[in-house]
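As written, the chains take the letters A, B, C and D, and residue 1 is the first residue of each chain.
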């Protein structure tokens, strides 16, 4: 095995030590597809990484992925596009235990890309004339109204890829790609959880989605295995 | 004959089947959750309709057999899917660049209400939790054509096609077509045009169950499903 | 051969017929790498497609690619980042025969991406405090000054890919990718020149860079072949 | 000994070799045209310096043997290159997202002038054609560290390191390091700090050929190349 040669590799525990109380975290995934399960589970076991602001499309599902982190009371605020399907998120919000900021999914994806690409903000038609536009700058271009959206960055990004090579180049699996590549560009510290580490040079340069310079640390998913197409927690 | 479609499931299937006929060969189509997600079941394999899934896929194929399910390959409704021939995978940013740049021919979406000008409310109910918007507003703002797939009334028989939205709107952009289990309306010049009535409904019933004003097409037809 | 099955396939001549006098064209390529040579050469033989505004990083090289189109007097204006190395472009500009609009390369790439993604404009740090910023809106975000750049679209895009499948999905060759994928998204009519057309289903879905819905027409490069790593005009 | 480096080629090579020492293992580096493009020749294969080429590549390898040249694989200087181990290919938009988002550790670039505050002029000469800017301004605005690689004076012995720019600037951002064949300056707190003098030059010569004010490091060294 060549895993030992990946200088960016650290344990999930050491990765989570970098998270501070009150931190903002970009977390990859759509529902629980493309989610860094091992990193999230490790946060639930920590006591210091609390009052987090999580920027992610959803809060996973009830009891799964970020849904676990909600139950373990590590999340103060969630910024994303769709929380309705996680009953725990709805309950926590109703009880005043969770702040929520809603952003249309396309604006969220684009804002994270902007945050990673040196774009301070951009104008989009999405949300014009809706409650989402309240308090937002409006501007007309060629007779159409647009609203202004700021780029988004966070101190840390926890992302999930299928494979890393020993340099930290990443490829994703199918629709588990989703928000992960943009998040890899938009944080001061980027930690990539992967199912497998392969030798540098074995990934096709045309097929690498996240070049290695975006990735600070690589953590191997050692808590979940794929059984019947699903990620299932290993029995210890 | 369908006896009033007391069955909600039959109503939803009828709507899905009717909308299939609007999806021309070569069309790139985004299907929302709910009734729109049923449409895929009624698309012929040779339809050359290309389904875009906003979580990062063009060319969505049907639900795979159980032993081929891979939860790394899901639809925006989070169901397992397969890859159609010539499909491609991309990030959420690229997916919404496709949606927001006007590269989706048809978006089929559910709604809570549609106004008589075609305005859409499909993401929030006043006084209730506003905790989800997803990609609805992106699609409303930028798809070339919007088809609304809704049952004609709510479970307690309140009209959904109404004069003015009372629920929060999803954008300033109007729908182009509204399909229910009872009728099909086209939105033209800010006005609803009734073009089809289901064979188990009647103009009288449509008038009764539609709060919005509408005009009746000179060429009013019976809705054909198959 | 499956080429006949590509319904989007047209001849270069028919493609060029779509160009009108005074049109704006996005043209892919960096220097002459990733350039639609066959389409460009076919324009030089047309009499109707004149007074063009060409949006491209360069004007090819002297006598090659867009450099040919300059010599044949089809170009009225060039919008791009680097024209200095084409002596014909410099000469034409000096003689008042060519208008030039300079945009920093990154702003050009991002503006075309924006044009294809429904983004009306964005704020960047590039060019702040330079002549490029003259007349441009400035705005401060968190103590840093940014300038506003509008998205760019054109009526047509002429791009170059390595392969199309019969549906019109595209893959590119190495650094010949450059501006082509963004240009495929930012025009009303997109014409892709390719070296090869392959059966739909043979390209890996993870590796397709331009999905088929961006491509309106496919033209086969039948004028140039690769000899010794270079594209060389075929002897007729 | 190098006798005054009357040879321009030797001067350029010396600058390139000196800058190699500034490129630490793991660094992602963009090399501009001119002197910076020579640097690759002096990087050791095991240097773990990753060269980014703004036309869409991270991990540029050296010029390939003639029979392996592929003009679909070129540097930003438009020369044939090869793919290093672990290299990746991407579009110009993604490449400049990398540059503009602050993901390049070091940009090495030429300049026409550098001011005593480190401001850079490297794209245009007043009164001459302004027909090319390329990626210079993107790199000046956003690379984490900027190293300027220039001969100390022009061919007619006019100083390039001057008090105030007379040529159009490339941005408000200052260089961090200036390396010539005669000296190395660090830019610190808007001031030039002379840190190294080449063994065939002298403080007297540097003073004579540098119009800009500079201060002399307490730890002034002889420039070491190898």
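The working rule: a residue touches a chain if its C-beta (ideal position, glycine included) is under 8 Å from a C-beta of that chain, and two chains touch if they have at least 3 such contacts.
Note that the coordinates shown come from a computational prediction; the quantities given were computed from them, not determined experimentally.
*Asks:* If you average the CA coordinates per chain, which chain's centre is most distant from that of chain B?
*Replies:* If we average the C-alpha coordinates per chain, D ends up farthest from chain B.
*Asks:* Find the geometric centre of each of chain A and chain D from their Cα atoms only, then give the gap between the two centres in Å, rounded to an integer.
*Replies:* One centre to the other, that is 36 Å.
*Asks:* Centroid of chain A to centroid of chain C, CA atoms only: how many Å?
*Replies:* That gives a centre separation of 34 Å.
*Asks:* From the C-alpha centre of chain A to that of chain B, how far is it in Å?
*Replies:* About 30 Å separates the centre of chain A from that of chain B.
*Asks:* Do you know which chain A residues sit against two or more other chains?
*Replies:* Counting only residues that touch two or more other chains, chain A contributes 110, 113, 117-119, 124-126, 174, 205-206.
*Asks:* Which chain D residues touch at least two other chains?
*Replies:* In chain D, 83, 89-90, 96-97, 99-100, 141-142 touch at least two other chains.
*Asks:* Applying that definition of touch, give me each pair of chains that meets it.
*Replies:* Here the touching pairs of chains are A-B, A-C, A-D, B-C, C-D.
*Asks:* Can you list the residues on chain C that touch chain A in the complex?
*Replies:* Residues in contact with chain A: 110, 114, 117-126, 139, 141, 144, 146, 150, 171-172, 174, 204-207.
*Asks:* Given the complex with chain B, which residues does chain C contribute to the contact?
*Replies:* 113, 115-119, 165-167, 169, 185-186, 200-201, 203, 205-206, 208, 211-214
*Asks:* Over in the complex, which chain D residues touch chain C? Could you list them?
*Replies:* Per the touch definition, chain D meets chain C at residues 53-57, 67-74, 76, 78, 80, 83, 89-93, 95-97, 99-100, 124, 129-138, 141-142, 168-172.
*Asks:* What does chain B use to touch chain C in their complex?
*Replies:* Listed in rising order, the residues are 28, 50, 52, 58-59, 83, 85-90, 96-103, 105, 141-142.
*Asks:* Okay, in this complex, where on chain C does chain D touch?
*Replies:* So the residues of chain C in touch with chain D come to 30-34, 57, 81-85, 89-90, 93-94, 100, 102-110, 112-113, 124-132, 145, 162, 173-182, 209, 228-231.
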